[in-house]
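Listed next: structures, encoded as structure tokens.
Each of the two complexes below includes chain A, the first together with chain B, the second together with chain C.
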Partner chain A sequence: MNPLEWAGARPGPAFAVTFDGREIEALPGQTVAAALWAAGVRSWRTTRGEGRPRGVLCGIGVCFDCLVTVNDRPNQRACLVPLRPGDAIRTQEGTGHHD
Partner chain B sequence: MTERPHLAVIGAGPAGLAATLAAARHGLRVTLIDAAPEAGGQFYRQPAAGLGARRPRTPRHSRRGWERLRAGLDRYVSAGHVTHLRDHHVWFARRRRAGFTVHALLGPEQERPVEVRADGVLLATGGYEKVLPFPGWTLPGVVTAGGAQAMLKGGLVLPGRTVVVAGTGPLLLPVATGLAAAGARVAALVESADPRALVRRPAPLAAQPAKLAEAARYAAGLLRHRVRTLVRHTVVEAHGDDRLTAVTVAALDTDGRVRPGTRRRIDCDTLAVGHGMLPHTDLAQGLGCRVDGVAVHVDDEQRTDVPGVWAAGEATGIGGAALALAEGHIAGRSAAARLSGAVPEPHGWAAAAGSRAGLRRFTAALDGIYAPPAHWADLVTDGTVVCRCEEVTGGAVRQAVTDLGAGDVRTVKLLTRAGMGWCQGRMCGTAVAGLAGCPETAARRPFARPVPLGVLARAGEDENEDEERQADGHDGRDGRDAHPDEQHDAR
Partner chain C sequence: MRLTCDVVIVGAGMVGAACALYASRAGLDVIVVDRGPVAGGTTGAGEGNLLVSDKEPGPELELALLSARLWTELADDLGDLFEYEAKGGVVVAAAAAELAALDRLADGQRAAGVRAEAVDADRLRDLEPYLAPGLAGGFFYPQDAQVMPTLAAAHLLRVSGARLSAGRTVTGVLRGADGAVRGVRTDRGDLHAPAVVNAAGTWGGELAALAGVRLPVLPRRGFVLVTEPLPRRVRHKVYAADYVADVASDSAALQTSPVVEGTAAGPVLIGASRERVGFDRSFALPVVRALAAGATRLFPFLSDVRAVRAYLGFRPYLPDHLPAIGPDLRAPGLLHACGHEGAGIGLATGTGQLIARVLSGQAPELDLTPFAPERFTEEAV
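Right after this comes the complex of A and B.
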């Protein structure tokens, strides 16, 4: 059983996005965080102070732990932002303004 | 035809939807403003349309409720009585000389401003999950229980292969059974309270047969998926270098302390953890509404103490979706009457008032049972990060209290930066208050979300021209009492 089978999902055609340059698949309607989870990725940010990895915590846009750079815009909440074909997701280092 | 009075409802979860339908039915024009792309809030969250889910995975009774609400919303939208603004993130609502202005930011980027003017405001802002810190809780793979559920419901994805669900509260049951049904291995459900205590207080429970049936369904689900349930246990540590690989759990004694010699390790790649919920009160506070403890104060009609402002659902105290529906209905009815210049007749909503009373008793009974371990703070080592945004440790918070004499959360914040980051203390507020030995109160945040400075500078420009000089002396409405370091700058 997987979640798509569980919900009887017949998603529209998958499309390609990139994560740190590597191609991954996303399904229509999925957020950045959902596509990264589906691709087995759990962290996509390092903290400003200690450089520690972070990913989803609250999943509903409250905690800002899942901040990520999408199409060169840093500080996007991965759990809220829907993906479009060709989007370039990048791990956000610190504030995301240094790289 | 005279123009219908205009109500702005903020939040399209159970409370906001019930309020919207009741208000529209009883003569108001309603603008329903919500941050999500689809109505439903967290409780009725549906898979994204593009995923083509054909099998609804919500229990039958709540599915029927949702279908009724959605059909009602569609009907009033088609009739032109309700406008549903999706993807609108409200950051502030202010009282004007006549009526209110609601300020929102559009879309996930949240840069373009939108203003909605209305005669009244109904706050159905919901709540968010509380998580208390413990060593390792910042590791990727540690998510909130509600977050794991939201990602599953909305994106049809799992957080990992092997999950431990832990913390306290009635939410843990549907999260554990949902993750298991969708294909995760749930290695354990770790609950710090002992829900069997509910059986010893049967009255409020017996009065809620629907809740009883729900609990029985989840219990059956746990059995079916062979989920090991540990009551009066807690997670004491999460392990891993760059991601979670295991947790250590331990039994609790009757005082809520870890019992020596009971620690055991459970391998997992995901910990879904939650310690209850907290109301979103920022917009209410910005409007000057009275807040008791952490919840917005309302009267029997769901009115706040600010004329023209109602509140319903989790914002007025955590109580679940059924209670939110009843409160939303009452709030919508009251607003419909009052904004039309009439005195409402409460017998018109007697059924809703009856279920509200019963559900509040039930919630009070649950609150008496589900609680984090009394001595959770003992688990927070000096090296444990407490404020995740600003990376402030338990040791730093303790030092602010013991060495620097901080006696309240605000002073701890000024000394350590705990609560000053992106989330504005929503994730660490409870923990910082607990470590500092202060009672938990709703933090005062000038704005409900980060706001680009350009938007902030222009907000209400046109109003200021005609109203500023005639200001009615009402509260510090532009957040002028805010410290600059508490305001988020542009991203």
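Right after this comes the complex of A and C.
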């Protein structure tokens, strides 16, 4: 069953954002992590040391495992940042900063 | 766990771990007790700079130089495990008067065996490409280094082979009819030993009180601001000249002076505030703001960098800013190794070695008189 039904939630109309250039759907108030999960994406960052895949761990903003680049700004916590129409989410490699 | 040993060390922070390592190496059977986990005190709530640069000539500097040498020895085998980096320190001055003060400090330090190289204003950015323009100059201290304190405490304890009893609170110090220390009472039974080392950090005064002696250790709060992980942009430990004055200051009021360092994991750590507000753990936005402002003055690129969190810790300080190291004549068998204020990571190795020497009846490498735990008894309580 869809979790929206469990919660009796009636969000406003969906809008489009992109993940690595591919269009995915998001709902008003949804976080980056939630939208990515709904689109079947579980990892969106690779670790700085060994390039291992990372996604949500704690889901509540504590662990910083879910870091992601949104609108060119790296190191944002996917589990906290709410999406707005047109946001561009990108897989983050390493620190997300290029030198 | 056998309940007797040669020495009980109270506190599994950096200092307790170093005491355990050197005491075990001296052939002693050691039990380390901590009411929490390893590095759950100030060791897990500070930074890991091993500095000679910020110390005025005197007993603390001598201890820092001894400690720096011992850290290098340990790093040969273990350095990678606790992120030891012999990165060197850079102290910068914004104006000519500050630079002159640094110059005088460096002169005195050199006489004590510190290496300090003057760096002209136009060469500063060869050392640190992202430093703000327009600084008056600075000094480079190649002996300054860095570790990750929690890892260092854990690995020193591990290689020491000492028995560790975590989650066990010391509630009393056992003393015989002759007054000599016989071990400790804990919430999980007694531990018997002819020697007890007080490595309880900021709580060292309470531990001393359990043995019936006074040691006025008090907390000096410090915040650290942590940035998002970055590529290596800050190469050395970098701080501003006013930091040295703040460290030595007696003021209870808030002091902040920028101290910036990169870490092996990527985040940049920004310190350092000093306040005497007891054990108040509440978040203080004005303090953290001042830290951020100071750091961006040194490294303008930081203004576009995200701070992801802040944490705080309580430095254990004694009124004359020197630690208490050595036997307590008021309670035979009790030794103190606490009160290292903002330098307990750096000074841990030397402290551990001095304590081990005393425990095994050898002459310590430094004169312990300036660190004598009884030195405060004359004062009003």
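Operating definition for what follows: the second predicted complex is superposed on the first by the 98 of 99 C-alpha atoms of A that agree within 3 Å, B and C clash if a C-alpha of one lies under 4 Å from a C-alpha of the other, contacts with A are read in each partner's own complex, and residues count from 1 in each chain.
Everything below uses one rule, namely that contacts are C-beta pairs under 8 Å (C-beta built on N, C-alpha and C of every residue); 3 or more make two chains touch, one makes a residue touch a chain.
Worth saying up front: this structure is predicted, and the values here are computed from it rather than measured.
Counting residues of chain A touched by each partner, chain B versus chain C, the larger count belongs to B.
Once the two complexes are overlaid on the shared chain, A:74 sits against chain B and chain C alike.
Using the contact criterion defined above for the overlaid structures, shared-chain residue A:33 touches chain B, although it does not reach chain C.
Of the two partner chains, chain B and chain C are each touched by A:64. When the shared chain is aligned, chain B and chain C each come close enough to touch A:48. The contact surfaces that chain B and chain C form on chain A in the two complexes overlap at residues 48, 64, 67, 73-76. Listing the residues of chain C that touch chain A in their complex gives 228-231, 233, 265-266, 306, 308. Residues 35, 37, 42, 47-55, 57, 108-109, 128-129, 131, 138-144, 146-152, 154-160, 181-183, 242-243, 388-391, 421-423, 426-427, 491 of chain B are the ones that touch chain A when the two sit in their complex.
Listed in rising order, the residues of chain A touching chain B in the complex are 1-12, 27-31, 33-35, 37-38, 42-43, 47-50, 52-65, 67, 73-77, 79-82. Per the touch definition, chain A reaches chain C in the complex via residues 48, 64, 67, 73-76, 94-99.
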